[in-house]
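Please go over the structures that come below.
Below, chain A partners chain B and then partners chain C, in two separate complexes.
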Partner chain A sequence: MRVGYLCTFTPKELIDAAGFTPVRILADSTPISLASAHIQSYACIQARGSLEKALRKIDVDAVVFTRSCDTLMRLADIWEIATKMKVYSFEFPTKIDSTSKNFLISEIAELAKKLEEWGGKITFDSLKESIELYKLLEVELAKIFDEKPDYELLFKVQQMKVKDALNELKSREQKKSKGGPKILVTGSVCPFLDVMKLFEDVGFSVKDDLCTGTRFFTFKYPEMELRSVEDCFRYLAEKYVSKAECPTKHYEKDRRFERVLELAKDCDGVVFLLLKFCDPHFFDYPQLKQKLEEIGKKVLLLELEFPVIEQLRTRIEAFYEVIMC
Partner chain B sequence: MIVAGIDVGSLTAKCVLFEEKVIAYSIAKVTPDLENTAKAVYSDAVKKAGVSAEYIVATGYGRNKVSFANLKVTEITCHAFGAKSIFPSCRTVIDIGGQDSKVIAVENGVKNFVMNDKCAAGTGRFLEVMASALNVDVSKLGELDEKADKPVNISSTCTVFAESEVVSYIAQGEKVENIVAGLHNAIASRIAAMAKRIDLKPDVVLTGGVAKNKGVKRALEEILQIKILVPEEPQIVGAIGAAIVGKNYASRGRKSERF
Partner chain C sequence: MLKKMKSNEKMKQLMTNYYMMGFASEHVSWITSGAPVEILYAMDIYPFYPENHSALFGAAKQGTYYAEVAEKLGFSRDLCSYARCDIGCVVSSVNVPNPTFLFACNNICNTVVKWYEVLSRIYKVPLFFLDTPFVRKELKENYIRYVHDQLVEFIDFAEKITGKELSDLKLRKTLQLALKGVKAYKDALLMGRNKPSPLTAFDAFINMAPIVCLRGTEYPINFYEEMKLELEDRVKKGIAAVDDEKIRLLWDNIPIWYRLKWLGEFFASRNTCIVADTYTNAWSWMIVKDKSNVLESLAETYIFIYLNVGIEHMAKAINDLVNIYDVDGVVIHSNRSCKPYSFGQYEIQKMIEVPSVVIEADMVDERVFSEAQIVTRLEAFLEMLK
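== the complex of A and B ==
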């Protein structure tokens, strides 16, 4: 069985351990038609596009919706009504503090139960193995992205079992960065590979803070020995609260801003690549932009719906000229 | 050195032959064959000038399709350099073309810029659609604006919906002059919203084909509460800028096709 998810705070380890294939659901360039009957046009293209795919044809039997933005939460309800897929809402805590870990552990246990209800089987051995393999995959992806981001690869490995993903990594050749001024691309999801390619075409060397980029594989790994399924649940809870920060969560201190500012330090400019109508990111934008400008960074805002490549190219090239001038 | 700046925009192609100042220029409509459009305006300008160019810079939407150009630069940089060469006091450029409008903060080059998103509201295309709904020529919009006594309110920012509003005002017997002035106010408020996202500093220079429309200048001055300068031929400012960028670039002995 293939189990879909949209939010990267979904513990894929559980799905994999249950014997299912975790599949990241992303919008593509399919025009929105059927979805319009269920969702308003002022929802982001990731929400509308994913639903459109689900209504047309998608090779997924069940979907785990993980609490993040309001749109995704309502999308879970729509999905349940409008499709024949099984739907489960995984309640990831919104406020991340000392109390959230225990709550998350119990939610992880609930999700495990649900996956078994769906016919999966999670054992200590299978879970421990999935945990170890995902860590391997994530560490490898981080190394690759450090050298040169490969979004095509990243999209691909999110459509398969972690074992196959590791094999996929083995069989590839490391691409070398062409250099050029460095930019940080920050934002939510960018399901369009041709947009990611534009930055490189224009001559930038890219670093990202995207949910479809490094945020997929950036964690701090807890130091603990795993002796039982319960240990594994605790491990996953710790791992996922340490995941690269997302604006749909409330952190103690300004953890997200601190991360973005830190990532921007060695960059010549910062591009906000935001999906139109993405509330969590747009609410942060004015303040984060100001903080970046205060540390001397040039900032460009790109709003995406269905991308018009030449219009984007002009903006990105002009930004390149601003930086090179 | 004689340099050509060719600005292949979404609606019109402009070519300027430039030495210390503009020697000759030409403006033509864009056809889907961008390379040939560029060749045609270039040869027309060459014919007028009686000399050809030693170095060619392409800008505008079609820049990457001009294979005979030595250098390709975006219209944002070109409008900034062009406006500054005409008005050295220029700190901000507002370029309103056929498909795009941009607000550019100018320092030594471009400091910052904002562009409209893909919708046509706030562009020349918007005014063309409205002018045809009103059955007047775009070049007459400025005169009509002057005769308005009570501009109507156009509340839709979308071109399609704004056209329905115009149709509804016509049906109510509203004076064409007042509808036109209302449309100019609508464009100006779109531009003002963009301008708020960058630090708008005087002097402000208005460029692009739409700058020929005095009504747009009037509306922008009212909403921004600032005096606006318009070059004698605002439509070729991007092409002039392209030539100037090319001059600087070639004199530094650089050879790459990109900035």
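== the complex of A and C ==
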């Protein structure tokens, strides 16, 4: 069975350990028509586009909706009714602290129960193995992205079992960065590979803080010995609360702003690559932009809905000029 | 043409006093409309409601102006107009009581989390965020435990900041008052069951501020009891809110504040009465069951709030209202500002037992209101119902 997910706070290890294939659902450039009967036009293109795909053709049997933004929270019900797929809402806490970590452990146990209800079987061995394999995959992806981001590869490995993903990584050749002024691309989900390619085409070297980029694989790994399934649940909770900060979560001491500012330090400019109607990111944008400008960074906002590549190229080229002069 | 209620005047006085009270208070907490305000009242902390404040500005047709102020700072026009209006007010130094701290609960939306983070950076005051899991299907035990534990933390947080102690007795007393207030409010709204109805949902919208802002004090109890008396008097005298009431409707979502009067007249002139709505009725869910563990009861109540539940629960609630108020149809406001209230409406539409129509607008931002389109839609709908 292929189990889809939209939010990268979904513990894929559990899905994999249950014997299923975790599949990341991303919108593509399919025009929106069927989905318009189910959700309003002021939902972001990731929500509408994913639903459109599901209503046309998608190789997914069930979906885990992980709590993140208001749109995905409601999309779970819409998806269940409109597609007749199995749908489960996994309540990842919005608040990240020690109290919510305990709650997350209980929610992980509930998700495991649900996956077993769907016919999966999670054992200590299978879960421990999935945990180890995902760590390997994430560490490898981090190394690759450090040298030069490869979004095509990242999108591809999100569609397969972790074992196959690791093989995929082995068989590829490391691409070298062409250099050029460095920019930080920060934002939510960018399901359009051709948009990601533009930055490099224009001459930038790219570092990202995207859900479809480094945030997929940036974690701190807890140091603990795993002796039981319960240990594994605790491990996963620790791991996922340490995941790269996302604006759909509330952190103590403005940790997300601090992370973006830190990431931007060695960059010549920052691009906010945001999906139209993405509330969590758009609320952060004005104050974060101000803080970035205070440390001398040039900032560009690109809002995506139905991207027109040549228009975007012109804007990115203009930004390149601004940074170079 | 609209028959103004005497309660409107009393409400204005009451709310003016409420706002004045804020300026005289030692400790002020800004709070979201779905948060457990009872704890604040029990600790003599004044609750200021930015949502109510924005609704007020919306009704006064000043909302768009302040929303534009926020937009000039970079806040997107697609963000919630309550939030934009509020941020615009704050940076324009509109006179509001300054917060000692902020208290946000995401049982109404996750927008408030982001909005209050913005406020917290502007005012440089601490923000306590109460995280309530979403009940798409069933309310689970671990949800209650999680929210309960956070309530304990919140009390500790508020005690440390204000130097006051929360007394268990006072909290129970406040909850009793809140319960009475909600009951009085519900009874007043239920007067809409009469045929013809002595009130419209627009009267309910205008008079909802006391149950939102003063829940847990004596004020809403007295206010809504009097409002009910006024309505009973109307029924006795045979005064209908809408002359020759022919069609009865239910309203879904937050009102279009800047068009209350216009919509009121539109329906009244077509012998149509909007007798009830899902927005004001959302507060009638806030009945804290009297259990031995007060905080557990509070947790359960505030998790299972109208906007924090799945579509099946919402459709059931709407169908209940359809039956209680015996309406012929539902007007569904697809509100660009409120995603959790609006997404899912197309599915809900298929689940409700009477015909319905969707109109797209915004609660505060007038620029989104397309009058001609809405008139056409509503007229066609009423024609169909006849």
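The definition used in the following text is that the second predicted complex is superposed on the first by the 325 of 325 C-alpha atoms of A that agree within 3 Å, B and C clash if a C-alpha of one lies under 4 Å from a C-alpha of the other, contacts with A are read in each partner's own complex, and residues count from 1 in each chain.
The definition used in the following text is that a residue touches a chain if its C-beta (ideal position, glycine included) is under 8 Å from a C-beta of that chain, and two chains touch if they have at least 3 such contacts.
On a predicted model such as this, the values are computed, not experimentally measured, just so you know.
In the superposition on chain A, A:Met224 makes contact with neither chain B nor chain C. When the two complexes are overlaid on their common chain A, residue A:Thr314 makes contact with chain B while staying clear of chain C.
Legend: residue contacts after superposition of the two complexes on their common chain; A:Lys298 is shown touching chain B, with no touch to chain C.
Of the two partner chains, chain B is the only one that A:Gly203 touches; chain C does not reach it. More residues of chain A are touched by C (comparison of chain B with chain C).
Of the two partner chains, chain B is the only one touched by A:Cys325; chain C is not. In the superposed model, A:Ala43 makes contact with chain C only, not with chain B. Where the contact sets of chain A with chain B and with chain C meet, they give residues 276.
Against chain B, the residues of chain A that register as touching in their complex are 203, 276, 298, 303, 305, 308, 310-311, 314-315, 317-318, 320-322, 324-325. Taken in their complex, chain B has these residues touching chain A: 61, 73-77, 100, 108-113, 115, 117-118, 258-259.
Contact residues of chain A toward chain C in the complex are 37-40, 42-43, 67, 69-71, 73-78, 81-82, 89, 91, 93-95, 99-100, 102-103, 106-107, 110, 247-248, 250, 254, 276-277, 279-280, 282-287, 289.
Residues of chain C touching chain A in their complex: 73-76, 78-80, 83, 106, 109-111, 113-115, 117-118, 121, 129, 131, 133-134, 136-137, 140, 142-143, 145-146, 149-150, 153, 310-312, 334, 336, 339-340, 342-347, 360.
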